[in-house]
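Multiple structures are listed underneath, in structure tokens.
In what follows, subunit A forms one complex with subunit B and a second complex with subunit C.
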Partner chain A sequence: MSFSIKRVRALTIKEFKSFTKNSNVLLMSLLPILFSILYTYIYGGKAEDVPKTDIFMLCLNMNLSMVASFVIGMLIAEEKEKNTLRTLLLSGVSSMEFLTGKVTVTLLITVITNIIMFFITGMETQYLGWFLFFSLLVIISMIIIGAIIGMISPSQMSTGVIGLPVIMLFLLIPMLAEYNDNLKKVAKFTPNYNMNLLLKQTFKGEALSSADLPALATIAVWIVLTAILFAFTYSKIGIDK
Partner chain B sequence: MSYIIDLENVQKNFQKKTALKNLNAKVAEGEIFGFLGPSGAGKTTTIKLLTSQLLPSAGSVKVFGKEVYSNKKSLYQQIGVLSDNSGLYDRLSVWDNLALYARLFEIPDSRITEILDKVGLTESQKTEARKLSKGMKQRLMLARAVLHRPRLLFLDEPTAALDPGTALEIHKLLLKLNKEGTTIFLTTHNMEEADKLCHRVAFLNDGEIVETGNSAELKLKYITDDITVILKGNNEKIHLKNSPETGRKLMDWMNNGSLLSVHTMEPSLEKIFLMLTGREL
Partner chain C sequence: MLTIKDLYKDKMNQSLKGLTFQAEKGSSISLECSNETSALLADIILGKELPARGEVLIDSLTPKDYCRRHPGTIGVIFKEDPLYEKMTVEGYLSFFYKLFNSDMDYRDVMQKLALLDLGTVMIKNLSYSQKRRISLAREILKNPVLFIFQEPILNMDRDGARLIIESIKELCTKGTTFLLTSLHLKDAILVGDKAYRLDEDGCVEINNNELPISGRITADEDKKTYTIEKIPAKIEDKILLFDPMEIDYIESEDGFSCLFVRGEKFPSSLSMTELEERLKYFGFFRSHRSYLVNLQRVREVITWSRNSYSLNLDDKPRSSIPLSKGRLEELKDILKL
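Moving on to the complex of A and B:
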């Protein structure tokens, strides 16, 4: 399979130009930022009611499930729906080059959104490094899941239907786990919940210990599992079906 | 003669349906070759095989002397494809749509300027693709297909659903490209278009080629004996069968000075297709 950095660069530039004019994707990407502004404005200065860590965590999980997963899924599905993917492939672009362009733009948007929200909600800058590291690990599996959704979905609209369980699993379950023991048991197997545990500990200023290994291992297992699922889906249906 | 396309005993099956049966065709460099047939005859399947989007069930599909599937990378550098399911980036401008492909093929921007001029879209280069008319979109897609100066251009129904004026513009562009050396493989069910553009045509029916040849030669081959006579005065057209009786009538009209003209009945490509298959296009 051919891979050219120049072609990936051309595709990434196209993605950014298109992103700025895609109202669906733009709105979806801006929602977590808007929520972080809104919650900070509403609950600002009332840390005893809703700590800023909780506000940040809520917006972060929204960004990871809605932007990291959905945006790449929508971008891939749109190219199939409008037959632009077929034209690209007939111009010698390989599936991997095509996907790398999509992953690059999604990754950058997600990370930049995360950083913006980090500062909007007033998190301490000293934790930025650890935050970026833990969230990046989860972003990887979220993007892979999004790419799978994009491969399966024939159109932008259908990414919503197919992707809904993803939101349920990765956004709602970790969020509601605090209120329900059964959900908590399920949440322990999700990467987002484990990321939340690690981040909360980090934001409290506590050092990581061997007790945190299961959480890190769960996140790593998700990366491996989603990569295997991606490879399987790709081998079965390819990128352009 | 060197053949740029060589299809030998090609078969393509889709589950229980056979789309192509024992297809044989050769296209020489510099030709405009028309692949004609009704919807569902196998035209698009043939283009998909030739562009390595599908694998043949049997037979050999060669482009530039090599099996297409084993030679994809080099193939895509040398071909351009414009099909009815080609797409544009709606939100990007005309220029940006072409700029992407210029970067992919490592072509300088001067070529974009040149091709925009050729397809008459220079003034619309900043317009978003979604705001273009159907004809302009088709011209943009054609510009994109030939941006990298391909040796071989595949066109799948290039003027379907276009108004006659726009179709005429596309025809002019295609003739110009061919004059510059681009070989064109064209599928259409528009016989008038094929007659006007193609050096040779092949009639495809139910996945089989039923006739191949130069349009003028085919018309001669399938010419009927019927004649049309126009008499002076009322300009009435009289259709007659070739027979001794017709000969006598012609002599009479000539002798009494009432004969204006005699025409042989040259069949159209559409009529030849009907004669060969019993099917209308």
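Moving on to the complex of A and C:
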């Protein structure tokens, strides 16, 4: 299968342009930023009640589960629904080039949103590097999940139906884990919860130790698992069905 | 270039039966067939469906192999060809220009299809005819070897149709092979070099060649007395009799002739030759092997290109009837042009 960087670049630029014009997707990706502004504004003065780390974590998880996976799913499903995908594929664009374009855009949007939220909530700049590294690992598995949802769903609407339960799993379980021990046991197997643990530790200024290995390993296993599932869906369904 | 031999395929109530033709490099073939049949045929040529019997060869490769070895060399415009509605015309074409890594200037193509002034307009604000031209511009940038075009001039305005026919002829001279499909025999005859009709009973070539003229006019010269002429048409168990002046034009379909009266179609039991004999005293003119047209109804004679002409009628649906090249002179004689 052919793979040309030139074509991927053209596709990525096109995605960016249409991203700014697709109100559905645009609103979705602005939501975490809006929330981070809102929370910082409401709780900003009283740091003792709700620490800014918690606000940031909440918005971060929202960004990772809602934006990273939903946006790519919607972008893929939209092209399928409107049949523009067929035109692209007949134009010599391979499925992989098409997906790479979508992944690049989603990745950039998510990372940029993360950085913006990082500064809005006023986290210390010295932790930015570690933060980007940990969040990127989770973004990878989230985007792969999103791509799978996009491949399965025939239209933008059905992305919501298929994607929502999956996404809620990653957003709600880590969030509620603090209040319920049973949920906490489940949460230990999600990548988001482990990232939260790692980040909290980093923001406190503690260095990584061997005790963090299980958390890192869980995140790595998720990347591998989703990649295998992706390969399976790709070979079974492909993008143009 | 494209060879289809004895192709049979059944799918979802649609069937292709015994389709056989060969399209050389730079030629154009048009098919009159239903939308579903056309979609099925496109799927077979693009390698998405396998033929049940017979063979399809593109450059002596099977469609699947051809599409794998030469991706993006088949130009396709479907009946409904979706565009990115929120892009501007120029943005859309420059995107595909980069995608194809094309050596053509997309502005030249825009100029050829009269799109230059629409560069900054969003595609969703355009008319159907303009959108079809954008689809064509996109495929021209692709520089296709084989071009499948569904409904090239259906519902197009006059200028749009002219631009599309000109572009098709130009691409043909550059070596692109065309496969055009249309619901209407008229469109199929007008656009392609060779026309076929494809339906449940199989595939028939529509003879686009000139009629033998000798002896046609001299026959029955001594028929002087005015006899009442009514043209019979049969619907279920009724026989309708039409006054020749009511008839707009007559089309031949599978050897049967169909009368078109006020936009409606009535099958007649008479053959085209019989009808021509009976109607030529009423100002009917055989404009094409498959068409007999009431000259009283003709409003315009349109020249699409050097070799293709059509007659526009002022009947209800404003039909346009193909006029073969060789018949133009005779028409000019009759109309004393």
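Following the convention adopted for this analysis, the second predicted complex is superposed on the first by the 241 of 241 C-alpha atoms of A that agree within 3 Å, B and C clash if a C-alpha of one lies under 4 Å from a C-alpha of the other, contacts with A are read in each partner's own complex, and residues count from 1 in each chain.
Simple rule for what comes next: a residue touches a chain if its C-beta (ideal position, glycine included) is under 8 Å from a C-beta of that chain, and two chains touch if they have at least 3 such contacts.
On a predicted model such as this, the values are computed, not experimentally measured, just so you know.
In the overlay built on the shared chain, the residue A:Ser91 is in contact with subunit B and with subunit C.
When the two structures are aligned on the shared chain, A:Ser2 is found in touch with subunit B and with subunit C. Overlap of the subunit B and subunit C interfaces on subunit A: residues 2, 6-7, 9-11, 13-14, 17-18, 21-22, 82-84, 86-88, 90-93. In the complex of the two chains, the subunit B residues touching subunit A come out as 51, 53, 72-73, 76-77, 79, 81, 85-92, 96, 100-101, 103-106, 128, 144. Subunit C makes touch with subunit A in their complex at residues 46, 71-74, 76, 78, 80-84, 86-87, 91, 95-96, 98-101, 138, 142. Looking at the complex, you find that subunit A touches subunit B at residues 2, 6-7, 9-11, 13-14, 17-18, 21-22, 82-84, 86-88, 90-93. Against subunit C, the residues of subunit A that register as touching in their complex are 2, 4, 6-7, 9-11, 13-14, 17-18, 21-22, 82-84, 86-88, 90-94.
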